Each structure stands twice: as structure tokens, then as C-alpha cells.
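Structure provided below as C-alpha cells; questions to follow.
Letters A, B and C mark the chains as written, and numbering starts fresh at 1 in each.
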């Protein structure tokens, strides 16, 4: 057939070797977007779904109605959490390249998304993250050693050897078990929130997926159930532009913002500068208050950039321009908060360097301890008998037999 | 004791559990105000309120996912999938999430969800109202799979399933909702009120999972079956005047291997019967287990009685449905002198 | 012209059935009265049955090995010699029907595409797992069993016939499984022996008593006596000497010379000693009886032993000659080994076995000497013979055999 195909195909702005072009990203001036009341009806605030809430301007000043007016001490805590997340990521990335862990996923450039949002929530709120939200673990104070032991699948692994690296959970920290399947956590978070509402509690659930994962049916289920039951949930779409090599256009971002789907379901949708710590905090705070007061769920699109590869198994130079990140118009979250704090007189480069060293030492020391519990090749190993536990609450006969067979195989 | 059909027995189970355990919630399409398309949840929303018996959107994936989230947050959800034929949109949440949650979180998180769903044919329901997909779920580690054949078992098993902290997929053979069905569509329907297992205790009681029921003791041949086929097997054996031992599995996972093997070792001849399609059906697992455990006692090859490997047809309901004559052929074949 | 149905005659002593050994006629043949037409066997004796009438044989009932009840039809004759068309022989069980049955499953299988057709693969035994287990537990070699199921499959009923080399029903007259085996029907004397041996071992609690006997002097005596014989005269073997000694010994041990009547629950003590002499014949083991050994001298015993053995070997022994022993002696002569456990010849209670006489180094009168040693391996019925008595009897026998002169010295008169 010689006829020319008439099918439209989304194209990223720049392939390898091409000049990066982020003109497609709709950016509002900092402080330009109004801040409605938390009880506003979704249909009345639809504009927030296509604008971009920003607080930090290009001069590193906090401006506009969304300014959260946080204490500098709290901002410093946020900076620390973000920096620790980044340092932890870097160290673990190098560890993977050195063959000491099998796999790793960094959140480079997206630290504000997890840290700022977590800090705007309460400890009793249940978090349903994706695999790129390690900032939540850090912000909730989960010990680095525990995270590292999970990466090592060693004798102190919280998952007892059953999960791929980075698929953490924390019952005490109210962070749900991370699944290897995309978007499944989204509607689960809504169910959790529904239960909180049924019980008459004011806890929230918050969940994160990437924009690529919003293509999954579970995204629809989450928004539908959140809307139908007005569940006290915050649904976050982290639009970091890339899902492995799948440009956000293939998730529908070419035609409409992801936040705009919220109003489509009758839910408030807000689009925010994901690299702006203060804006992210402010929007999350707004959504949390909205949910806690029974005014309903919010869909937040956090616009950011996946500065790292998808994972240690990915090489982005094969599908996007190498210097993409440098041209990203919304900058780097750590740099921007640092400069803002310095401008407020509450921080300095020297303190930043000192903090960096301190956190590097902390990460190093944690790793030294973590490996004593076993590594891929050395040290104590998990008992393979564990493979048969927790399939059910109590081990049924057929698994007992299989465990016995496995033991025979090994002997 | 009261006379109950299977619908009433299931209703009673949910009623009792809603009353006993404030964390139990029901959810599903049309189950709340309307009481369910088969009336299994009739009256329960009126009795326990809209916040315990929830109507949901037509979104099986959402229903299961929301049930998981609720289960993680301390509730004990009983989610209805209106027909087992529609369970597939929720399959990912069941297999990838519900079945594995306890395992991947080393027991820190689990969701005590019971998924109830009517299954099976014999009702002229065609492909989208007649399927028996239980075999697919038995293959997923971390799921329990149950299928009662009568009101008395249905109530006890549902209570046990709801109380179980592991996820349970609870299949309800819809052809048996109103009465036992022996595979002969020309006979007038027999109600449960005329059957001993239609006499059901009104209060709380449990039937354990992993326990098969020998519904008929016999010495010549063992018929291992579940669901509607229990009654087809009983009728076929009676017509043949064969002294058949008929084992109603009731629980597919966990499987009562001991009862199966005691029976086959006694009779030496085995027929496995289920409505579901043949290839890779659950019957293949039973046959494998019998072959492994009872080989030296087998007088003859094990026979399977199943649906054909076609989508469930509408016009050919009775040619498709494994009725008494298909069971009889298998029994005769297995009883040839060897 | 009329038909005469000849029924199985009563062959005496309350025989209720007889086994057909061989037909000497066949349907269609013309026979004359008194002509032997069939050979049948009762307990032990073969009986030739003569034709009761002259005429043409129309049909016969039974094949070799079959047991026919006394009084049941055996042969149908057509008498008055009017020529009649030879009727076809009664069909045997239908091999044709069997092969048709074998073909049928294959034909049905053709209707089902892809159905595996039952085929007996060469060298592979086909039977169910349960039957394999039964065979294993019973020690039955499945490769030697023939199957009457489809394709030669061995059925459970095939295993239920007598064990190894099982007698197979007529219907399974299909091709033998492999050239590596052949089948011998257990009929006739072999079947009788099998049944009697089983019964003896089953009913009688045997115990064995083995003693070695220094027969140097006995050997000397035997040699001496044989030296005196003329050429061609039959040589004296150990047997008559042992029988003579045994007869003397039994005077003091009458409890070993009894017959047990199980039906009445009595032991019948015999004054006479009728010695059964276990004899290997072409038909198998037979035990002709040397009657009234107590009344015979050594040479008479020798002669009579030879005579009855010969009649047994040549299958001429009558029934009377094969029954009635009160004690049995068995010997394997040169093949005799050092010990054996003979089976008691019921309804007797003792059997004495002679093992091989060989030169051995023994302590004799305080020094190592080479003496001729022969073991006696005897079995006794422990219900009726206590160990002490058995031992005492054998010791007495040993003493006589070691001091053979004493055999011939008359017993001291009691005071």
C-alpha cells in the first residue's frame, strides 16, 4: 500500500544530537497563579490545572499568594532531606556500578517532589509511593541502614529477600510497600482514604505515579473512585517528562496537562513547579487541608525533569539529548532552595559544603554497617527457607512439602 | 436451623459477619441499595448502612484496588465481582498486588480481602455469564480459592473466608443458588428446601478451608469434583448403580490432598469432574496429584470430565455442559476390568 | 442308530473327579469296545479308560488338564455303525472371537483423531500400576505372565491364577509374549505334587533334625555283602540297610509310625511298617510303598524296594502301590548334599532323608581319622512328635547304622 499514513505520532522536542527544546512546557510567572480557598469547587478552579503554581522566582525570592511562609529552620530541614536523598542516590548508583548491589533507581532532580510533599503531610497520613520517591523514606526518617539492607537483600532486609532493590516499605513510617507494577498504588491509596473516611478519621492517603504510568487503567480507577466517594486523598502525577524512553506525549501530555484530568473527573487539579520546594509544599498543604476538611481529593501534577536515567539498566543518551537537563527551564530543586535560603541569610555555601560532607559521611558509615549484615557475595546470607514464609499467614501443607524438597536439593 | 437456599445462606454469612466484626464492609456493583443482581446482599445495606455496604462504580479493577487499600487500613472488605466473567479487569490487582502483598512486605502489610463472584453455566448465559475461571486463580501463589456446592457449606465457608487474613477468591456456582442441579435441564427444578444441605444453622459457624467433604461413601470408584458437578456426579453414579465415592473438594486452595488420596487408594479408580474447560483446568492439577501420590493403587487411567475447550456457547448449552452422560462415560471407562 | 453318552466312570475309592491326561481318540473316529480312548488321572494313578461300546465318536468333553466330574458326560458315541456325516468338532473357545475383540478397540480408536491406540510394545509389559504392585509383592515376574486384556494387557484376573508361569485360561491363547519364554501347563502329576506339597507344608508344622552318622562299618558290611554277589546281580545300596535299621528302631518309637486322620482327629498307629520310598520318575516325584517291611529280610527288602521303584519310574505303579506308607525314606544318593529338609508325606508324621556319604576327617577313638560319614536329614510333624522323641529315634537309628551288626540282632526278650 503506497498511501501515506495519516496517523499522528507524538514527537519529543529533541532527540540525541538535537538541540534541547522545552518551549512546550507551559510555565506561569512565579506568584501569578491565584490561590483559591481549599473548599473551592473543582469546576471553579479549573485554570489551576493548566497554569503552573510557582513561588520561587528566577531571582530566588519567594513571591505570590502560594508563599507558604515556612520557618527557615524548616526550610533547612527540607534542604537537608533533599541533599541526603541526592547523596544517598549518588552513592548507591556508584555502588551498583561497582557490582555491590544489583539494581538502583535515582531520583535526581526530583527531590523536592518527595521531600516537600512529605513535610506538608502528617505522620499519620499513609503514603503510597512509586519507586522514585525515596525522598519520602528519608523525610520520614527511615534509617539509611535499613534502606541499604533492602538494596542488599541481606539478613536485615525489611523484605526478607523477596523484592527487587528500591521496593521499600515501612509500617512504622506509614509508607506502603512499593510494587513493581505501575500505577497499582493509585487506586489502593483511594481505598485507604475511603476507609479512613468510613472510620471517621482525618488521616489522608497520598500517592505518586509518573506521567507515563497515568496511561494505565489504575489511574482512571483512582480518579473515578476518588471523585465518586470524595475520598480524602492526594493523587500526584510526577511529570518528569520521560518514562524510560517514552516521552510524555505518549501519555497524553501533548494535548492537555495531566492535572487537567482532575476537573474531567470533577476533582480539583493543580499543576505546580515540581522543582520549587516552596510551591510544592504549598500546594500539598492546600490539598491536605482540602481533604482533611472533607472538601475532597486533589490531583496534583508536579512538573519536573528526570535528570537521571530511568534506572541503572537505562542509558538516556540513546533517546534524548545529552545536555537536556542543563536546558531544563525549572532548574534544580536543591540549588534553588539553597540560593533562596542564602538570600534570606539563613544559609551559606560553606554550610552547604559542610552539610554535604556530613551527609556523605553518614551515608558512608551507614553503608559500612549495612554490609556487615551481608552482601551479594560475602557475609551472612538469608535463609532460603524464608522463601516459603508469608505466602499465606500460616504455611500450608503443600508449601511445607516444597520447602522440604528444596532443603533436600540443597543438601 | 432454617431452610435456606444458597443465596440466603450467603446473605446470612455476610449478615452475621457484618454484625460480629465492625471492620467488615461489603462492596460491589448493585449490591447496596439493590441488594445484588442475585439478591445475595439483600437487606444488608438497610440493616448496616451505606457506609458498611457500598455500591461501587462499574470498575472491577477499582473495586479490587480500593478493597486492598481498605484492607491495609484496618477494614475487612468483601468485594463482589458481579460475574466471574468480569473479573479480568481486576486481575492485575488480584495477582500482582493482593496475592503478593504479605509476601513482599514480609508480613508488614496484608489485605484480608474476600472476593465473591458467581460462576458457572447451566443458565443459558453465554460466554459472559457462564465461565468457570477458578483454575486460573489456583495457579497464583498467595491466593486461596473456594467453591461451595450447597447452602450449608456456602455459609460456613464464606464466614471462614471473611475471617481469613489471607485473600480468598470465593466462587459461587450460580446454577446452585436456588437448588441442586443434576445436569438434566428437562427435569423440574428441585429447591434447596427439599435437600438436607438446605437446612442451615442460623447462627455463626465455620467450615474450614482445605477440607474436602465425602458427600457419598463408596468403594468402586472415586469421583473428585466441586461446584455444580457434585450433583451431576451423584446423579450419574446413581443411574449407573455404581458404588461411587464422591468427594466435594469445596476448597481448591488449600487442597485436601489427604482425603483425595485416601479415597483413591481405597477404590483404585478415579474420575475428576469440573465444569471449567479441559486444557490446563484445575482437574489437571488433581490428576497430577493423584498420579504422584496414588500411582501404585491405580487400577486404570484417571478420567477427566470437563467442559470443552471452547468459549462457552449460548445455543449449545447442553452439549457444552458436562452432564450426566459425560460423567457416565468416564465412570464406565474407568471401571472397565483391568 | 442311536447316541450313547459315556459318562466319566467312578474309578474307585470315592473319586469324585479325574483329570484328563490324554485323548486316544477324537471326534469322527470309529472305535471298538474296550479300545482305550482316554487316559485320566485320579489322585496319583493314571487310568486308561476303555470304550464302553463300539461306534463312532461324535464329541468329547474336556482337554488335557481339565478335571471332569465323575458322572458327567465324557464322550458321545454314535452306535450301530450306520455311517453318519462326520460332525464338526465342537469349537474350542473362540480364538477368532478373541482376535476380533482385539481388533475392535483399534477400529473404535480410528474414529478419534489423535487418540493413542493401545499397543503392546515388544518386550514391554502392559498392566496397571496396581497390578504391577501386586505382582511385585507376590514375586510374580510379569514378563512371564500372559495377559488376557486388550493388546495382551495383563489383567488382575490373570494374576489371580496360580503364580509364576500362571496357568492361563483358554481365551488367552494369543501369541506368546516373546520367544524368550515358553509355558508349561501345571497339570497331571506335577499339579498333584504341587498340591500335595503345598498341603503338607501348610498343614504340618515341620521341624528338622539332622545328624551325622559314621557309616564306615556299614559301608564295610555293604561291600562285604556285595562282594559275595554274582555278576549281574543287583548291588545292595544303603537303602535296604537303612530300612532294616529303621524297622528295628520303630519298634521302640511307634509314635513315628502313625498316620494322622485329620477328619476324625485320630492318630492311627500301625504295627506294620510300610515304607514309602521317594522315587524320582520322569513324571516327577512319586512315593511307591514297600509294604510290611517289618516282615521282610534284608534281601527281600532290597528286592521289593527295587521292584516298587521300577514300577513307579515306568508309570506302571497301581494306586495301591502308591498309597499306604506309614513312614517315608528319601534319598538323593550322590546328589544328596550335607543336609536337607524333606517334606513329610502326609498323612505320615516322619520322613527320613539320606544325604551323601563322604569321607571326612573326624575324631575317632581319640585321634583324627578318615571315616565315611553320611548325614540323616529328617523332618517330623511337631504336632504329634516331640523334639525329644524325634531326636531319640534318630539317635537310635544312628546307633544301629554305626554298629550295623546290631540291626540283625534280635531284640532282647522282655522279662
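Note that in this section a contact is a pair of C-beta atoms (placed from the backbone, for glycine too) under 8 Å apart; a residue touches a chain by one contact, two chains touch by 3 or more.
Quantities reported herein were computed from a predicted structural model and do not represent experimental measurements.
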Chain whose Cα centroid lies at the greatest distance from that of chain C: A
Identity of the most central chain, Cα criterion: B
CA centroid of chain A to CA centroid of chain C, Å: 96
Computed distance of Cα centres, chain C from chain B, in Å: 66
Separation of mean Cα positions, chain B and chain A [Å, integer]: 41
Residues of chain B touching chain C in the complex: 268, 295-300, 337-338
Chain B to chain A touching residues, read off their complex: 25, 51-52, 56-57, 59, 61-62, 65-75, 89, 92-93, 96-97, 101-110, 141-142, 144, 164-166, 210, 254-255, 257
Residues on chain C engaged by chain B in the complex (per definition of touch): 127-133, 149, 153, 155-157
Chain A residues within the chain B interface of the complex: 126, 128, 158-160, 162-163, 167, 169-171, 176-177, 179-181, 184, 186-196, 198-199, 205, 217-218, 220-222, 224-225, 228, 389-393, 396-398
